[in-house]
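As written, the chain order gives the labels A, B, C and D, with residue 1 at the start of each chain.
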Amino acid sequence: MITGPALLLALLEGSVGAAVLALTALGLSLVFGVMRVINIAHGEFVMLGAVVAWWCSADLLGAHPLLGFLVALAVAPLIVGAIALAADWLVLRRISYDPERTIVATMGLLYIIQQGVLMSYGPDARPLDPPIYFRVQFPGFGYSGYKLIVAGLALLLLAATWLLLARTRIGLYMRATRLDSETAQAFGVPVKRVYAIVFALGAMLAALSGVLIAPIRGAHYLMGADPLLLSFIVVIVGGLGNLRGTLLAAACIGIGEGMISVLFSPTLSKIIATLLVAAVLVVRPGGLARGATP
Amino acid sequence: MRIYALHLAVVAALFAVQFALPAYHYGNVTRIMLYAVFAIGYNILFGYTGLLSLGHALFFAAGAYGAGLTAHWWSFGPVAALGAGVGAALLVSLVTGLIVYRTTGVAFLIVTLMLAQAAFLSTLYFNTVTLGDQGIVLSLPPVELFGAALHLADPAVKYNASLVAFAVALLLSLWLLRSPFGRVLIAIRENEARTRLLGYNTALYRFAALVISGTLSGLAGALYCLLFGYVGSSFASLQYSTLPLLWTLLGGTGVTLGPPLGTAITHYLIDISSGLTSSYMIIVGVALVAITLWFPEGLAGWFRRWRRVRS
Amino acid sequence: MTLLQTRNLTRQFGGIRAVNDVSFALERGEIRGVIGPNGAGKTTLVGMICGRVPPSAGTVEFDGANITRLQPWDRVARGIVYTFQITSVFKRLTCRDNVALAAQRRLTRTTGHRFALPQALLDAAVDEAMAAVGLTEETERIAGELPYGHQRLLEIAMGLALKPALLILDEPTQGLAPGDIAPFCDLIRRTAATTTILFIEHNLKVVLELADRVTVMDRGAILAEGTPAEIEQHPAVQQAYLGD
Amino acid sequence: MGVRQSGKPGHMSRRRVLVAAGALSGLQLAKPFIITAHAAEPSLKIGLQAHRTGIGAAYGLWYERTSVAAVKVINAMGGIGGRPVELIVEDDATDAKRGTEVMEKFANEHKVDFVFGPLFGNVVGAVAARAGELKMPLFVVSEGSELAAGDFNRYVFQTGITNVRSQVTAISPWVIQNVGKKVTMIIPDYIFGYNHRDFFSETAKAQGGAVNAVIAIPPTETSFTKYFSQIPADTDAIYHVMVGPGVLTFVRELGEFFGDKGPKLFGFIDSLEAVDIGAPGLEFLEGSHLWEAFPRYLAGHNTEGAKFYRAAVGIDENGASVDNAKEISTSSHMFGCWETLFSIKEAVEKSGYKGPGDKQALVEAIESTTGYDEGKGHPQGKKQFIGKAHQVFAPQFISKVEGGKLTVVHTTSIEDGLYEPAADYTKQPL
């Protein structure tokens, strides 16, 4: 039975999901676009963000959860970015960003991060106190006010990333490397450094979305799988490495997923999404190698 | 011929050690041989043909569910259920092969990953049939063979059934590798464009390699389900796609004995480390990173090179 | 008797016509050289003949049949064999495996043994091709370890093992030591006894010495065609290609 | 009697987690060896198969703590049959495949006498089959109803905690009469949830109620709001029972969705095990009812046995860890481990079990048991045991959320939850 409130709820769930998803997927897309590698450990960066948010939320400060949340927003990207830089320097650079070996290596990284968190943080799903708690009443149902704030923050962060890419020197370097790394190098772009920064930036975006969702879903060492899968889907449907396509796909898939989840079944919506990706690649197998225009 | 003698000696040794192994290792070797069938199947696609699949759980699960569902719902006996499992894996491989007919490289990797993920989610979605997460527990009647009743619960039956499957898979893959067909697969791995201009429809060969690889993986899944009496949705999860990759990479790609070696090492590494820490899967992560950094050819490849340097 | 005929063959890359409306005929049994400056469209033309490059327009006929839409491997089955400009042997395999890949392609088709080709049959075919190019001693070596000139010969052995009706060679003498060129020309002449040969070549001396007829290409079109003597005298050729 | 325990997984305060992670020294040793140092008698080895990691981790942590405490108590009492107990813990990652491997490891490598502990249905099913093949007595501490239905084999027992069918049979009359007649069920999408669905639908109908919708949610789900729009508008009562890492999010989002205007709520405490009822966002639970097997707050079940048990395990009167008031126990499940170990003690001593050769006598001794008396060994209450079905039956509790705490408002008798099980394992060969 499809009613007005159900549709509205579907739209809300979808939009919030889409905003956070866009942030996660943008990181993955950036890494692919510039470095031409796929980072299987991307979801673990989201999980690390959530775990850092949990640390900051109560224990570190003992103050109001809002303060912990703001600290986490600042600290999580720094920690996760540093881990990504280390991974780039210790592993990816040494295998010359070979596409297939990078996939294997980042898959190893996935297990190392996930199991490392299990070792130090433990196996429990730990809830966080929401930094801001209020309820918004819609006709027929209520909705978490924090979720609406999350959507807004995600959009702000997306805009900030966009500015970084469009208006700064490092953004210019990234765009140049994306188009043609050899030419960029010839024009004096420090390509290796750009790679490292892009890998870190991608991880930082993932970590930020982890901080944002932590108060909703808590922090758990296995929580990286879902964001990875969904952002994978978004990045491919949007055209690998195509940032605008990624954002558009995040909106479509986030909202579509929300709709199908609410109206039918979340599992069904994920099945449809994965098959959609397979279909896109089967029809356009070359789309991956060529990479679309920005 | 010496190479066949070496492989037969491995099989004979595995037959012989069953009389000396302590019970716990007996069970471990049984599992290792079954997983090795999976690894050998994976290697035909990855090691010989050069196609990196991240979706082999699809075939393993197809075999396991083909056997498990027919045994559970239609009371198939073990032999019929094994046939159903292998048949299901063959069918799934054929369909997958047609879907990915023209895809290679990273696109192939992602498509196989997505198909396997869709299959995994489907085992959850259609849980009235598959019983989802919780899975199906089987209790099977004994198999009549030469007048004797073989109970699947008997460790010796498990061991020797796994050994037979292992021997078949190993010798088949060796023969395949050395046949004209296998030579073409290797040529595709080395340089697909060149192979095409030698007169080979490489897409068709890739398709054939996928079907053989998938069916062997399904044989492993079907036997695992029947011998250990259980199939659940975790058999279709990503872990069952990454493990054969690790086994093959660790043991050595493109070497017939590499994947079984990698399987054995991984199994014992996980088993030993699970006694030290709950985070034992970290071993898998460290191994994957170490292989890409230092042993791109795996242990067998490294050993071969080391021998060549010495001689 | 015409073996190969292209009609109005055209290939566009973006806005550039690499090959523009080329109609080109090849007689059975001849040795044909193709010359022209870089970018003249020679490699694209033979690419369309062997099926590596799909044409934008026009047709290719081989042995009386239209093969324009055939895949490269089907053209190999009909006897069109191409060897690359840059050597493209399987560097990590032995020479024997390299040539066997070619030989088994022919043998599985002619003998009907698909999976278990008799080893002796295959070995004989490999040895014959290796002997033809004079590499018998190197048969068991890893291809990538051979010197460059020998890799080129191996490439030709692979072509020969297919026993082609038309052998297309893309700059076969490039990278050969000067002393190796004369034996190479002998090899081509011997091969021509059973095979039609189409070769692209920059070394004009080799072309004039080896070819029965020569085609000159420039900017995607055929500039001139004739016997080596005629081509040497052709004014347009002298200006465009031999000018200095 | 020396007790050495190397590392308690998950037993870390937030601050300690930080320190451990910083030093990267948090390598948690997986086997707390409870070694009986100078005992003359060889020890009795018991394997605890724990969901230490995976989606059952919250339960696994407390199963392990409770079991360690019980073994300490039993050893202090002189052990089992005069022999000290050695507890060996292995993690099955809440995974069926790993579970069967662990079972083999117990049987063939550690050579334990008995195994106990699996809770989640997927693991129980796979492990039960393997235990039968290995002829290893297995005491599941699970609420699955399959054992009493005859789906397992002669080596599997449920002596510590009763099953879902019995729990639902016991409480459903009260729920239909006091909470609501048109019920929407929210259940986890696997066997445990189906048990709830099937048995509650059946008993609700008998009481004049009806289930008007069933919403099944995968146990790995982390976001729930999207499911709630499937709840029909004419629902009087929501019956919820969720498990897995997302339980707190589930209850919070349920509250956000309905506010204070929604249908009345009745839940199984599974939705809130290891979760603080007073956590922010759970205010809407005030006044709702929950089933409990073992009241979380001491006041609801203030017996001598319960006090002894709580002190030994280390939980305070609010059901939290004495070390950390924020760490809430899985009170309604973990007592099953304690009671299982004491039931093993009784069975071993009754049968005169000396070693694996006496397994058959042990099985028959358990099958001839008719019940357990309330006391230190069985703090949850008096038990009735139906030997042929290997199933224990117990009283149940219904509690109301009042002032952010749980107050017991109704206690069922054993008879309320009693039904005639289909299984008769005594006919199977040993």
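Simple rule for what comes next: a residue touches a chain if its C-beta (ideal position, glycine included) is under 8 Å from a C-beta of that chain, and two chains touch if they have at least 3 such contacts.
Heads up on the chains, UniProt names are A = Branched-chain amino acid ABC transporter permease; C = ABC transporter ATP-binding protein; D = ABC transporter substrate-binding protein.
Because the structure is a prediction, the values reported are computed rather than measured.
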{"item": "Chain at maximum distance from chain A, centres defined as averaged CA atoms", "value": "C"}
{"item": "Comparison of A-B and B-D by number of C-beta pairs in contact, larger one", "value": "A-B"}
{"item": "Distance from chain D to chain C - Cα centre to Cα centre, in angstrom", "value": "76"}
{"item": "Mean-CA-position distance for chain B and chain A (Å)", "value": "33"}
{"item": "Between chain C and chain A, distance of the C-alpha-averaged centres to the nearest whole Å", "value": "52"}
{"item": "Centroid spacing, where centroids are CA-atom means, of chain B and chain D in whole angstrom", "value": "37"}
{"item": "In chain D, residues with contacts to at least two other chains", "value": "9, 27-28, 52-53, 218"}
{"item": "Per-residue overlap in chain A, given as positions that touch at least 2 other chains", "value": "118-119, 123, 267"}
{"item": "All pairs of touching chains, each written as two labels joined by a dash", "value": "A-B, A-D, B-C, B-D"}
{"item": "Parts of chain C lying in touch with chain B, wherever the complex brings them together", "value": "50, 52, 71-74, 76-77, 81-82, 84, 88-93, 97, 100-102, 104-106, 108, 114-117, 122, 158, 162"}
{"item": "Complex contact set, residues of chain A against chain B", "value": "38, 91, 94-95, 99-101, 103-105, 107-116, 118-119, 123, 225, 229, 232-233, 236, 265, 267-268, 270-271, 274-275, 277-278, 281-282, 285, 288-289"}
{"item": "Chain B residues within the chain D interface of the complex", "value": "22-24, 26-27, 31, 124, 127, 131-135, 137-139, 153, 228-230, 232, 234-235, 271, 274-279"}
{"item": "Of chain D, residues touching chain A in the complex", "value": "9-10, 12-15, 17-18, 20-21, 24, 26-28, 52-55, 57-58, 60-61, 218, 220-223, 225-229, 232, 244-249, 252-253, 256-259, 274-275, 279-281"}
{"item": "Chain D - residues contacting chain B, complex", "value": "9, 27-31, 52-53, 90-91, 95-97, 100-101, 104-105, 107-109, 121-122, 125-126, 128-130, 132-133, 151, 189-192, 218-219"}
